[in-house]
Every structure is written in C-alpha cells, then in structure tokens.
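Next, two complexes with subunit A in common: one pairs it with subunit B, the other with subunit C.
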Partner chain A sequence: MSNIAFNRLQRECKEVVTNSEISETGIMIEILNENLTEIKGHIRGPPDTPYAGGMFDLDIKIPEQYPFSPPSVKFATKIWHPNVSSQTGVICLDILKDQWAASLTLRTVLLSIQALMCTAEPKDPQDAVVAKQYMDKPQVFKATAEYWTLKFAKGTLPVNADYQARVDKLKDMGVREEEAISVLSCNNWDLNRATVYIFS
Partner chain B sequence: MEKVHFFACFLYESMLGRSATETTENINRASAERGASRKTVQQWFTKFACGDASLEEKKVVEGILKVDHHKTKEMGNCLPSLFGFSRQHDETPMRRSRSSENAMSFTNPAMMQTSSSYVNQLYQHNVIRQRQAEERGKEIDEAKKNRIRGLLDQIPADVFRGDMASTECAICMIDFEPGERIRFLPCMHSFHQECVDEWLLKSFTCPSCLEPVDSTILSSLTAHNMQSLHQITSSSPSTSSSAKH
Partner chain C sequence: MEPEINSGTSDESETQQNMSDETNSPEQKVVRERKPLVGIPLESSTRLKIAVKKLHVCGEWKWLQGGEDTCGICRMEFESACNMCKFPGDDCPLVVGTCRHAFHRHCIEKWIAAPSNQPRAQCPLCRQDWQIAD
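Moving on to the complex of A and B:
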C-alpha cells in the first residue's frame, strides 16, 4: 500500500474512533491488521426501519490504489435488503463504484450505507428476489427483514412466531437453519414451495 | 476436465468479449479440479485475435462435439450454453432451418458441419467487432489522458503559504505545509498537486464536490483565478513578512 493510503487510513480510523457523534450515528470501525488493508465496520440498524436494534458487521478491504479507488465493502452479517445480496452481502451503492470520490472516507461510506438501509433503491437492486418482494409485498418484506435482523444481527424485536414455526418445520426435516430461513424468505414464506425447492 | 473443455471456454468467453484475465478467473471459479493459467488463456486469446484461427477453431468446436455434453455442463456459469449459444441468434440461416433442433442434436454428424461453419462465421464477426471496440476504447482512453495532461498545466497551482485559506488536502488528509505545491480547481477546492493530479487522470472531477473540471469552465475561470493568484502573490510579500517578523 502506498504511503499516502496508509497515512490517510490512520487519520480516518482516528476520525471514526474519536468522533463524538459515533454514539449518535451508530457507526464504528475495528482494525483487523497492522497494515490497515482489512478493516471491520459496524453499523447499528437505523431506528424506524426493519433493521432497528440490530448490529451489522461489514468487511472492508482497502485496495492498493486507495484513495484513488474505492474500498470494497460488503455485509458480513446477513441482511434482507433490496440493494444487498442476501447470499453474499455484496452491496450495490454508486459511491462504491463509479461515483467514488477521493475525498470520501470510511466514515462517509459507512454513513451512506446506513442511509441506504433507511431508503432502499428497489429500482436498482442487487438482489432481485428481495427487490421484487419489496415492491410486490411490502408487508412480507418488512416482516422478513425484521426476522433476519433478529436472527442474524442480534435484533431485539420479538420473534415472528409464524415464521419461526415454518423454519422449525424445515429444520425438523434436516435443513440447516440458515438455509431454511433463506429459502423460505425467497419463496414469500410458502412452506410448500420452499420444501419443493429444497428437496427437488 | 479435459483440455478441450478449456478451449471451449476460452472461445466462448472471447466471443463474449471478455479479457484473458476475466476468463482465467471465471474458469478457475467454475472448475474445482484443475485451473487454467492466465498465460495459456492469453496465448489462446492472441490466437483468436489473429483472426486466422479457423483451423484451431474447427478443432475446438469439433472437439466439443465429441465430448460428453454433461461434462461441459459442469462448468456452470462460465459456460452456460455454448451449445445453445448459436440458437439465440435469429438472423442466422441455421436458426431458421433447424429451429426445432435441441442442443443434443449437435452430436449428429450432419449437424456438425453446419455448426462449425456457423460458429466460424459468428466467431469471425465477433473478433472483428471486438477488435474494433478495443481499438476505439484504447484510442479514447489515451486521447482522454493526453487531453487531461495538457489541461493540468492550465489549472492554477502555487506554493502553499501560511496565509492561505485552505488548510488540509482532502485526498491524503494531511495539513498543507508551507512550501508544498498545491493546485486550485475551478470550484476553488485545493489539494496537493501530486495528489490531485493522480486523481484527475482517473476522473476529471473535483474529488470534494464532484464538479467537473471541464475545459469550458476551466477556460472561463482560469483568467479569473490567475488574476486573483496574481493579487495574492503581489500582496503577499508584505503580509507574509509582517506575519513573520
């Protein structure tokens, strides 16, 4: 990594760590290795969204050409969101691609992702299945996103008993919980279709 | 996986206009048992690009036809439908005459010849298109860089002095030190010259506000900036000396 990148990252980390508004904005970073190429980000689920109460981890990788190229950022915590892959956590966000500017920082990137969690862009989806549900069945989307927050992001909302019962049914058939949740979510919680999908 | 599967993939990927590096990645992702080296892919791509690969091409296609169809299927997304590929093109005579044939009918020897010459045709068309696009892309890229290099000299730059308003370079996030060269963009944002020049070669916009550092803005503002710069320079000896002493 170039000198400029290293010095800048040190400052950026300090900025996020010491910034007093961290407690208010709910973003955090954690340094994983000495040369600052891998960083862990944390975003608290914004209030009044299905992600409220959850804590979401992100993997941040700093490229060789940083800050002239954007960092690669993806969710390490599974999240049900139209602009995030429910399988891999890859994020569809313009500033992480062609709209990157050298003056953007890890802090502004994390704040942008948090804003994306508040306002999804279903017209420019990363996960087409989630986006379709978001547009066609907003109630199901909300309940599913809340269920995922509870299950994967240590959310605090009460569990959706109906969904839990369906997941348990699949688990009784020997399906891993994570797969059961994923397949049920993709099939709008239709147990029959999920079963057919898994066992055919 | 046998050699011929790799060839099929190389050809397929090159038809899609992918680069050798992308192809290597795709193949290695899809094939668990044995990967392809970038060098090999590069060699094949060069052969394809020569245009005179019809002999190789034929071997490849006929080779695929002999191998087990299901084996090729294992390649997953790298090779979704090499067999189905040709059937998607409505304008080809093959499509019209044999539209009802399914992919497996490629094992029919009579079909082989049609497909070979068809694939040849399709492939040559692709090579020409690909090469044109590449050249255009290169020309545009090089022209853009040259244009930007020429324009960089037009953007005002100066040595930083303590009395200037801006204090920090938003690219490296380090405070300006007296004596460092800084560049002023038309939007009045300033950066270390070496930091912002590297950025501008990539994207001709201000890293802070994304304002395009466009040539028209530049020509209209350069005069203004030069003037104000001149004013600063002419008034600075007294201010800076008084500040120092």
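Moving on to the complex of A and C:
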C-alpha cells in the first residue's frame, strides 16, 4: 500500500476509535491486518428501522490508490434491504462508486451506509426482488427485514412465529436454514412457491 | 528563545565575568588573561553578572490561506508535509480553489489525475468544479 494510504488510514482509525463513536452513532472499525488493507466495519442498526437492535458487520478492502479510489465495502452480515444484495452483501451507494471523493473517510462511509439503512432508495436497487417487495408490500418488507435482523444480526425483537414455522417446514424437508429464509423472503413467504422454487 | 546562561560562580574556564569578591584567587586570574568571549551583558538585579553566549531561536510559521484546518485529502496539518513529501514548506505548498477550499498541491494534483475525475475534476469537499484561485 502506498505511503499516503497507510498514513491516512492510521489517522482515520484513530478518528473513529477516539470519537466515542460507538456510543453516539453506533459505528466502529476493527483492524484485521497490520498493513491496514482489510478492515472490519460494524454498524448498529438505526433505531426506528427494521434493523434496530442488530449489529451489522462489513468487509472493507482498501485499494492501493486510496484515498484517490474508494474503498470496497460490502455487508458481511446478511441484510434485507433494497440497496444491498441479499445474496452477496454488495452495496449500491454512489459514494462508493462514481461519487467518491478523496475527502471522504471510513467514518463518513460508515455513517452514509447507516443513513442508507434509514432511508432506502428502491428506485436505484441493488436487489430488485427486495426493492419490489419494498414498494409493493411494505408490511411484508418490514417484517422480513426484522426477521433477517433477528436471525443474522443478533437482533433482539421477538421472533415472527409465522415466518419461523414456514422456515422450519422447509428445514424439515432438508433445506438449509439460510437458504430457506432467503427463498421464502424472495417469494413473499409463500411456502408453496418457495417449495416449488427449491425442488424444481 | 532558550538562552544559555553562564553565571559568574561557574568554574568553567571560559567564564568571562566573575563575582567581584572572588577576583583575587589565582585560578580566576588565569581566566581573566584569556581573550574574553563576546557576550551580551544582561541587566540583572542580582549580584551575578550574566552573559548570553548562545541563543537557540525557534520560529513558527503558518500558511496564510490554510486556516486551522487539515488537508482534506491526506488529513495532515497544512504546515506539515503531505504524505508524499519529506519536508513541509515551499516544496509542498498549499493551493486554494475558487471554492476557497485549500489542499496540499501534491494531494489535489493527485486527486485531479485520478481516473474517476476525467475530464473535469471537482473539489473533494464541495464537488464544485476545481479551479485554482488566482
């Protein structure tokens, strides 16, 4: 990694760590290797969203040209959100692509992602299935996102017994839990359609 | 300023002035016969006669355009060198855009040259078209 990237990242890490950020905004970073090319980000699910109570991990990779090129950031924790791939965790956010600026930092990137969790952009989706559900069936979207937060992000909401029963049915048929949740979510929790999708 | 002070009671052979009641000792006479060092006598309310032999002068400088901020690209203080330079100062000057945002010249040049900024570069802070102010 270039000198400028390393020096700047050192300052950025301090910036996040010393700002008592975790208590105020719920963002945190964790350094994975000494040359700072791989960093783990953590975002606490914002209150009054389906992600409240969850803790979301992100994989951050720093390119050689940083900060003249954006870091690559994706969710490591599965999340149900129109602008995040429910399969891969890839995030659709302009500042991580063409709207990147050298003045942006890990801190501002994580805060932007947290803001995206508060306000989805379904018209510029990363996951079209999620975005369609978000627009057509907002209640189902909310319940699904809450269920995912509970299941994958150590959320604290009570489990949706109805959804859990359907997941358990697929599990009884030998389907892995993660796949069962994913396929049911993509099919608006229609057990028949999910079963057909998996077994055909 | 940190003047190095030699008091008259010192037994260093270079000492130029001594307290008057000690001038009779033979040792001190030897000292007096030497060529006195050029020193600046200081006014003093004590009986000591003090001569400043050496001054270490420290200066502080600041870029006029920079204000209190750090460079938004490398995050270093404007008065320290950018991460690509060893020494601050004329080799690593500031430039100010028409938007009034200032950066190390090397930092903003590197940002403008980044592939994502072609053909027109924007200020990394306010996204206005970047142009160096006169």
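One rule holds in what follows: the second predicted complex is superposed on the first by the 199 of 200 C-alpha atoms of A that agree within 3 Å, B and C clash if a C-alpha of one lies under 4 Å from a C-alpha of the other, contacts with A are read in each partner's own complex, and residues count from 1 in each chain.
As a convention for this text, a contact is a pair of C-beta atoms (placed from the backbone, for glycine too) under 8 Å apart; a residue touches a chain by one contact, two chains touch by 3 or more.
This one's a predicted model, so the numbers in the text were calculated from it and none came from an experiment.
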item	value
Side-by-side fit of subunit B and subunit C on subunit A, or clash	clash
Which of subunit B and subunit C A:P67 touches, first, second, both or neither	both
Partner chain(s) touched by A:A115 [first = subunit B, second = subunit C, both, neither]	neither
Touching partner for A:A165 - first (subunit B), second (subunit C), both, neither	neither
Per-residue touch tally on subunit A - higher for subunit B or for subunit C	C
Partner chain(s) touched by A:M173 [first = subunit B, second = subunit C, both, neither]	neither
Where subunit A meets both subunit C and subunit B, residue numbers	4, 7-8, 11-12, 67-68, 101-103, 105
Partner subunit A, residues of subunit C touching it in the complex	72-76, 82-84, 107, 110-111, 114, 116, 122, 124-125, 127
Subunit A residues touching subunit C - in the complex, by the definition given at the top	3-4, 7-8, 11-12, 65, 67-69, 98, 100-105
Subunit B to subunit A touching residues, read off their complex	170-174, 195, 198-199, 202-203, 205-208, 210
Residue numbers on subunit A that touch subunit B, as the complex places them	4, 7-8, 11-12, 67-68, 99, 101-103, 105
